[in-house]
Each structure stands twice: as structure tokens, then as C-alpha cells.
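Structure first, then comments.
By letter and in written order, the chains are A, B, C and D; residue numbering begins at 1 in each of them.
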Amino acid sequence: MLIGSGCVRSVSAAWVGNVSAGLAHCYRRAMEEGVPRRITVRDHSNFSIAQALLAGAIGAPYIPTRSLLGSDIPRANGTFREAESPFDGSRVLLIPAIVPDVAVLAVQRADEDGNAHLWGPWGVSQEAALAAKKVIVLADEVVPREEITSDPNRTICPAWKVAAVCEVPGACHPSPLQGRYGRDHEFFHEYHRRTRTAEGFDDWVGEWVTGTRDHDEYLAKLGRRWEELREDGVPSVPAAY
Amino acid sequence: MLIGSGCVRSVSAAWVGNVSAGLAHCYRRAMEEGVPRRITVRDHSNFSIAQALLAGAIGAPYIPTRSLLGSDIPRANGTFREAESPFDGSRVLLIPAIVPDVAVLAVQRADEDGNAHLWGPWGVSQEAALAAKKVIVLADEVVPREEITSDPNRTICPAWKVAAVCEVPGACHPSPLQGRYGRDHEFFHEYHRRTRTAEGFDDWVGEWVTGTRDHDEYLAKLGRRWEELREDGVPSVPAAY
Amino acid sequence: MEVSPGEIMVAQAAREIRDRERVFVGMRLPLIAFVVAKRTHAPRAVGLFELGIVRDEPAPELLYTMGDTPNVSGAVWCARTIDLMGLLQRGEVEAGFIGGAEIDAHGNLNTTAVGGDRSRPKVQLPGSGGGADIASLAQRLIVIMPHDKRRLRERVDFITSPGYLAGGDARRRAGLPRGGPSVLITTLGVFRFPDGEAVLVSYHPGQSVGSVRAATGWELRVADDVRETEPPSADVLRVIRGYDPEGFWTRRAE
Amino acid sequence: MEVSPGEIMVAQAAREIRDRERVFVGMRLPLIAFVVAKRTHAPRAVGLFELGIVRDEPAPELLYTMGDTPNVSGAVWCARTIDLMGLLQRGEVEAGFIGGAEIDAHGNLNTTAVGGDRSRPKVQLPGSGGGADIASLAQRLIVIMPHDKRRLRERVDFITSPGYLAGGDARRRAGLPRGGPSVLITTLGVFRFPDGEAVLVSYHPGQSVGSVRAATGWELRVADDVRETEPPSADVLRVIRGYDPEGFWTRRAE
């Protein structure tokens, strides 16, 4: 959507698409036709982007890997370097650190200071948060501090990195948030169908983005569909601290 | 104790001592006098050993750092290399991966397959487990599989790496295990006093190691002292999955 | 109900998974192949999902994406991507599934872009995801894709996921520590890579060497003992159709 | 009750912590200094413990080690060592405390071994722990140690934790990105490092420039405005004695 709206100049990513539905039309239009504007892309793989963020998170200038040797990704990316390991002369690919200006994290709960609990697969969330200069937390629920400190192993990054905590129930829709709501598959498919053309995309944005005042109105527009996605989840067996 | 008993040939560590009590007498005797045998040491810092294990855990040959530049640790360690970052020519220290044959992890709970939950500070536990060829889990409690799968974010390493799960309540004593038992400070201090001489150490081992048939007998010998260390802990607020 | 190409592919893919193996599982057909393997000959196989999930039991319901909530419920480990990719790089993952838009006879795959140059392609594809890592680092690669001349090409426009590169020992010389495609399963047949180059070992029921050749963009090599692909057993079909009752993945028009 | 050298050191160390700073806290005196700072002028300081704990409130009771269970209860983050060391390497930690067995006038510290060579030392010390990392990477290093001629030496036997190395721009030339000792607090006085070399800025009550010189192994440099160290206020003493009522750390014979 950011690409389709012309807000993006450059993308560093391992994968851009509409999972389960197909290719990402806005991304295709931008890359193939320069519509609405030309973007540049730095190709990555899941591992290389995770390593770049890990390097950023621990303040390492780069991390060496064996992945992608022989692939065209390093050439297309342009920031990697091939080198020999000084330990055994074997070939390695050096992935330089990525330090994002901002990382946006959606989590189940956070306190007012920004101490955030995320569960379910972490993907690259933690590395991205630690690597970033600042973090914006979208919390499904803002909870008392005691709920966070009752389980400090679940905290994903230190509060001093968090520039803003926003209580936004349903922030991930149409993607899921473990224990809160499931995935809205049909919403993805509908988006896919309607954004085949640039006009269709503008129409969709007019309806769902600029056409709703805020996220509450967006959820209200979803109506019963949103209610049906909600899941209670099964509570974890507590850990005693 | 392993050093004092002559079971160790070489140590790679950032710190060897008796926290809160003082220097480690067995380590001193081995290094200073070769008693009961000479050992070699590869000096590390907490960060360098964490990076070496992280490199082992992700299969990277090494990780570059800025730490320890100018310190005598790299020279004493002998396995690090100084290099220039090919990205900007700045000086880096390359810490090669450590791949332990075995990592021993004490955890609060594990299932029979070896899926283990650990909470409290992780230190280098996860990197060590992932870097190791195999893992031995000492579980304070063996629990049904459902207790593990109720909270998969707490799992520390995959079960396929776990060669053995041993149910050993109190395995960490005199060290603490969060939510289960506190630290036995006096036991550390007593060990420190009694192991000042090699004879004192042998005497101590005769009483507490070879002198007890198994860990149950060890705990029974602790008696009320062990009971007084036990903590119930405060249950975490559950996460719903 | 007639057996679909998707079902034949799933059945063949399931046969590629051995018991107790750790397998990087993709979505769609690979996921169903993993379910079939688990419920038939490989009950102790373990599935890894690149966003950070490890399961020793497949999710009980059909998934659209690996992040769907049922894929997390019942997982034995929710990890980070780097943890699982790290174990992959260590060589602890025996097999991995990937697909692609294009493949060449050396098993090199393109999921990045077709035509034009990289900065202005004719068709922009989604990119590697974890595919290039799995292709680089798994002990064995299982490739699944639709079969037509524009996809099985003499040369791919971009090597996203390295196969045997130019063939011979090119893969080792590039610095890759192990692996390479062990099988390519298409909508028409099955290829293996005995010396780093694709050889047709079977054609699916209803196909022939000739029909496969006609749909293949490189000069087809055929195994001496080429034969018809073994169709799915009734048991296997029951598992497939139980898991994907509406044929969302296994009976869709590709 | 007379003010002990430990209490004077803790009070001075607490003054080195500014509000809202992230501080790598060690055990013993640094921990108590952190408690004092939090309860007086730096209520929003955050403490990091190298085994992987972040607290914005000190543990309510006296700790013997940072792994004691009360140090985990109430923590805002239980992390891994690598997470916190990584944030340190990124430059996100303003101040760190360390001690040592030996220090030289350039603030280089030895906690590894004294005498002999590394493979057969006269006295084997515990090693770096996180000390060398904090010394390498924190924005500012606060050093606390007992003062005597064998500890404040012309040259240390082993540089575990780099200070200003040979002085001048040696630290920068070695490749360290920032930092270096900002203060050395001993049982006798306080030193600062205006140009990478220790200068006595104050002597504790009961001491003098002469008594400090007599106990220092290098040629003492003295600040023009050297004066007596400010003694702990009644408030500060109350915090110290409330936290360490038996004087386990603050009144022990060193």
C-alpha cells in the first residue's frame, strides 16, 4: 500500500507479495512500469535480512554467512561482499548491518513505558527492534506494569528504545495476532482482486484507508467479520518467578 | 570442582571464580602450581564468549566485534584475529565460533522429548544449546507435553538436539533456579573456606560429591537448609495462544 | 474423483521425506506433503517454518500461511527466523521444499524477476523469502513447480536459489557447504539430479516422455528406467483430501 | 557510626550516575551506588546486568550475585547476555562500573593474572567477566577499587580492560569506538582522566595528597583545585545503610 501510494523510494526485503493470494500488484506496477513512481530494491533472503538486522542489533559491522554464495542476490543487492574467512580461507559472504530509523512492532500487550510482550513466532521482530534507532509499539492492549514484570522473559526490547506506545486493537488485521484474532484470508484475496489496476488500488484506499477516520472506524466497517475473527486463545501454563 | 578433581585439561571462559565469596582456589592451584594438574586457559570476555557461541549457533565461522581491541585478551586467547572491515576499513576483532560437544542446561521444566522451558536470565544458555552438538537437560520437573506446547515461546532449543532429559530437582544448588529455589550463599562461602587447600577440597568432595549416592541423598543431607531455600515464585500472567 | 496433478505431486513429495528428518516446510503443496508423510511413513519427522515455528505435529487444519494462528497452537518451539536459519546453516536440516517461477536443468531457480533487467523487470516476482537459504544450506532440496516451457528453461533470468549452478563442482567451488536439488517434481513428471543435471525418472499417469519433452525448455535427459510415476495410494489420497477437502491447494487450476 | 571508606566510595559512585542513563551495574559497591542514585537524584536511571537483566527499579533486598532470584522478580526485561552486550556495543549504554585487581595511570585494568606469565601466573584472578566489554564499549567507565601501591601500579601485568592504553589517542587508534575511564574511585580518593591520564581531584576525609601519593604506584598527578571528597549526605547514608544494614559490602575489611 505504501508503494502503491507513492510513499516508498527504496525497498530492502526478502519477499514482497500477497501471501496465499499471489503477486503484489502495486509492487509489480512500481517495478515494471514506474507507477506511481519508480522504486529501487535491494534483494535479500530471509536469512540475509535476519543477519543484517542481527548485526545491527548487536552493533557488529557485518556477519559472515555461507548462504547465497552462487546466487544472483548478492550482485543485485549490491551491499554484500564476498571474502575469504581468515581462519580457513573458505569463501564467505559478508552481510552488512542494517540500522533502521524506525521499527514498527505489533504486540499483544505493552505497558505505558513501552515494555512490550510479544508471543507467537518472532520472525525478525526482536532483531529489528534492537537494531532500530527507535521503535513504535502497536499494542493490542496497554496493561499495568505488573503484568509485564510478571514475565520479563517475554519482553521483546527495552523501553528506552520505544518512542511511542499506541493502543490499537486489531492493528494487524488482516494478518493475525496470536491468541487475539485469526487471519482474514478473504480480505487478502479481495485486496488482491481489487488492486489489479492502479485505479482499483486508489478505489480500495479510498474505501479502507482514507475513507475511514481511524482504526476504530475501520474495525466498525469490518463489523461482524471482525467479530468472527476474534479468538480467545488458550492460556499458557504460567511460569512462576 | 572438575578442575580440582583433575578432570579438566583446558578452559575457555570469561570468568572463573566463586561469586560473592572470592577467588576460586582449585583454579588458582591448577594455574599457579599445576595441582592436581596443569590446565590451559583461553581467556574470553562475556561478550566474546557470547559471540563465539552465537556464531556456533547460527553456523557462522566468526563474528566481528569492536570489543577487546587494545586488551591483552586477544593475545592470550590466541584464536581471535584482528582484521579490517572490508566495508569501511575500520579495525575489528574476529571471534571464531565455538561448537561445544555438549551443553548442560538446567531448566524449570521439560517434556520427555527434551523440549525445555527456561525462564529468568538466559545468559548464554540458548546460544550454548544451539551451538552444541548435543544438549543434556536437567529439568527441575518433567511435565506433560501440553505444558510445553501451551507456551512454545519459552522453549530454549529444539528437542532433536537433546540427548538426555534428567529429572533432577535442585540441580542448580547452591545456585538458584528462578521461581523454584533461592541461592545458598552460605554454601558458597563454606565451599570457599574449606577448599583453600587441596586436602580441604578432597575432604569437601568426599563429603558432598563422592560421599552422597545421588542427588536425592545430597538434598537429604542439606535437609532443612534445602527446604528453606525453596521458593514458590509468583505466577506469570498467562499469554493466550 | 479423479486424481489431480496436485495430488500426484503431493504424494511424490511426501515420499521424499524420511522418518525423523528435520524438514523446512513451505506452504501449499509442501505443507500437505509434510502432513501426508507424518501420517504415513514418517511419523517422527519434524517441520520447520521459516518465520520461527517448529512442529512435530502438523496443525490440525488447513493453513493459508505459515503465520496462521493454528500453526502456532501446539508448536513445540516458537523461535526467531535467525534461530532456524542458523540451524539450517549448521547443517541440521535434512530436507527443504521450495518452488519457483523458473528453473534450469541444473536446478537453479528464479523467484525474483523475469525479463528486462533487475531494476526494470518484465515481471516482478516476490523474491527469495527463505528459498535461497534453503537451497543454499539444506542437505537436500525438494523442488515443486508447475511444468511448462516458460518455466523449465535453458537458462533462468536470475538465479535466486542456487542449484548446481553451471554444473560439475560449480556449487562446491562457489563456497556452498552442501546440498543441491535432489528432486524436481512438476505437474507432469519427476526429475532427479544424478550428476547435477536434471534427468526425467518418471512421468505422471496420462503423460509420456514425449509430452514431458514438449513442455520442457531444455534438451530433455531421460533415465534408462523411466517409468510412470507411482500414483497416490488410497490411504494417501484420504489424507490429502481430508486435509484439503475443498482442493484449495491440491485441485486449483495453476 | 563513622562513615566507612566503602560508604564514601558508594556515595561518590552514585554521583557519577545521571538521571535517565543506562548503566551497566556490577555487584557489591556499584549495585549499592545504583540504588543510591535511583533513590536520590537519578530516579529514571536504568540498570543493566550482564547475565541478561534490565531493571528500572533496584531489587528491594541486598543481592550477593546478580543472578539472585530477587534481582529477576520485578525486572522489566530478562534478556540474553548477547542482547545487552549488543546494545552496549551500539553505544546505547552511557555508563558502566567495573573494578579490578590492578590499574595503571592510563586507567588500564587487570583482572586476569598477576606475576609470572599467562600460562603460569603468580596469582590467577577470575578474568574479565563483562569488564573488558564494558571498558571497551560504554560511553563512560566508572572504576572502583581498593587503593594500595600494589594495585595502583606504574604498569599492570595484563590489560584485561582497556583504559587509555598508552595514552594520547592510543585508544582510538586501537579501534575502540568510544569511552574510557571517566573516574577512578578508590578507598583513599577520586581521580579523573582529563587527558587520558589519572589526576587526583579529591582525597577522602582523613586522607591527604601525601597519604594518597604514598599509596600510589605511579607518579601522582594532582589537580590544581584538589580538595576533600564530599562526604555522603545523611540521606545517602540512610539509603546505603538501609540497603546493606549489616555492612556486608560497605563496611567489610578489604
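Throughout what follows, a residue touches a chain if its C-beta (ideal position, glycine included) is under 8 Å from a C-beta of that chain, and two chains touch if they have at least 3 such contacts.
Being a predicted model, the structure only gives us computed values, none of them experimental.
When the partners of subunit A are compared with those of subunit D, the chains appearing in both lists are B.
Comparing the CA-atom centres of all chains against that of subunit C, the greatest distance is found for D. Here the spacing of subunit C and subunit D, counted between their Cα centres, is 57 Å. A separation of 26 Å divides the Cα centre of subunit A from that of subunit C. Subunit A and subunit B have CA centres that are 35 Å apart.
Under the contact definition stated at the top, the residues of subunit B that touch 2 or more other chains are 51, 58-60, 65-66, 90, 92, 119-120, 122, 153, 178-179, 234, 241.
The residues of subunit D that reach two or more other chains are 53, 69, 72-73, 78-79, 82, 85, 88-89, 137, listed in rising order.
Viewed as a network of touching protein chains, the structure does not reduce to a path, ring, star or complete graph. Applying the touch definition to all chain combinations yields A-B, A-C, A-D, B-C, B-D.
Within the complex formed with subunit A, the subunit D residues making contact are 22, 46, 53-54, 56, 69, 72-79, 82-83, 85-92, 137.
Of all residues in subunit A, those touching subunit D in their complex are 57-60, 113, 115, 130, 148-149, 152-153, 155, 157-161, 241.
Within the complex, the subunit B residues that touch subunit D are 13-17, 19-20, 23-24, 27-28, 31-32, 34, 40-41, 43-48, 50-51, 54, 65-73, 76, 90-93, 119-127, 175-176, 178-179, 182-183, 185, 231, 234. Taken together, the subunit C residues at the contact with subunit A in this complex read 27, 49-53, 64-65, 67-69, 72-73, 78-82, 85, 88-89, 112-113, 116, 118-133, 135-137, 158-162, 165, 170-171, 174-177.
Of all residues in subunit A, only 51, 58-66, 81, 83, 85-88, 90, 92, 94, 96, 108, 117, 119-120, 122, 143, 147, 150-151, 153-154, 178-180, 232-241 touch subunit B in the complex they form.
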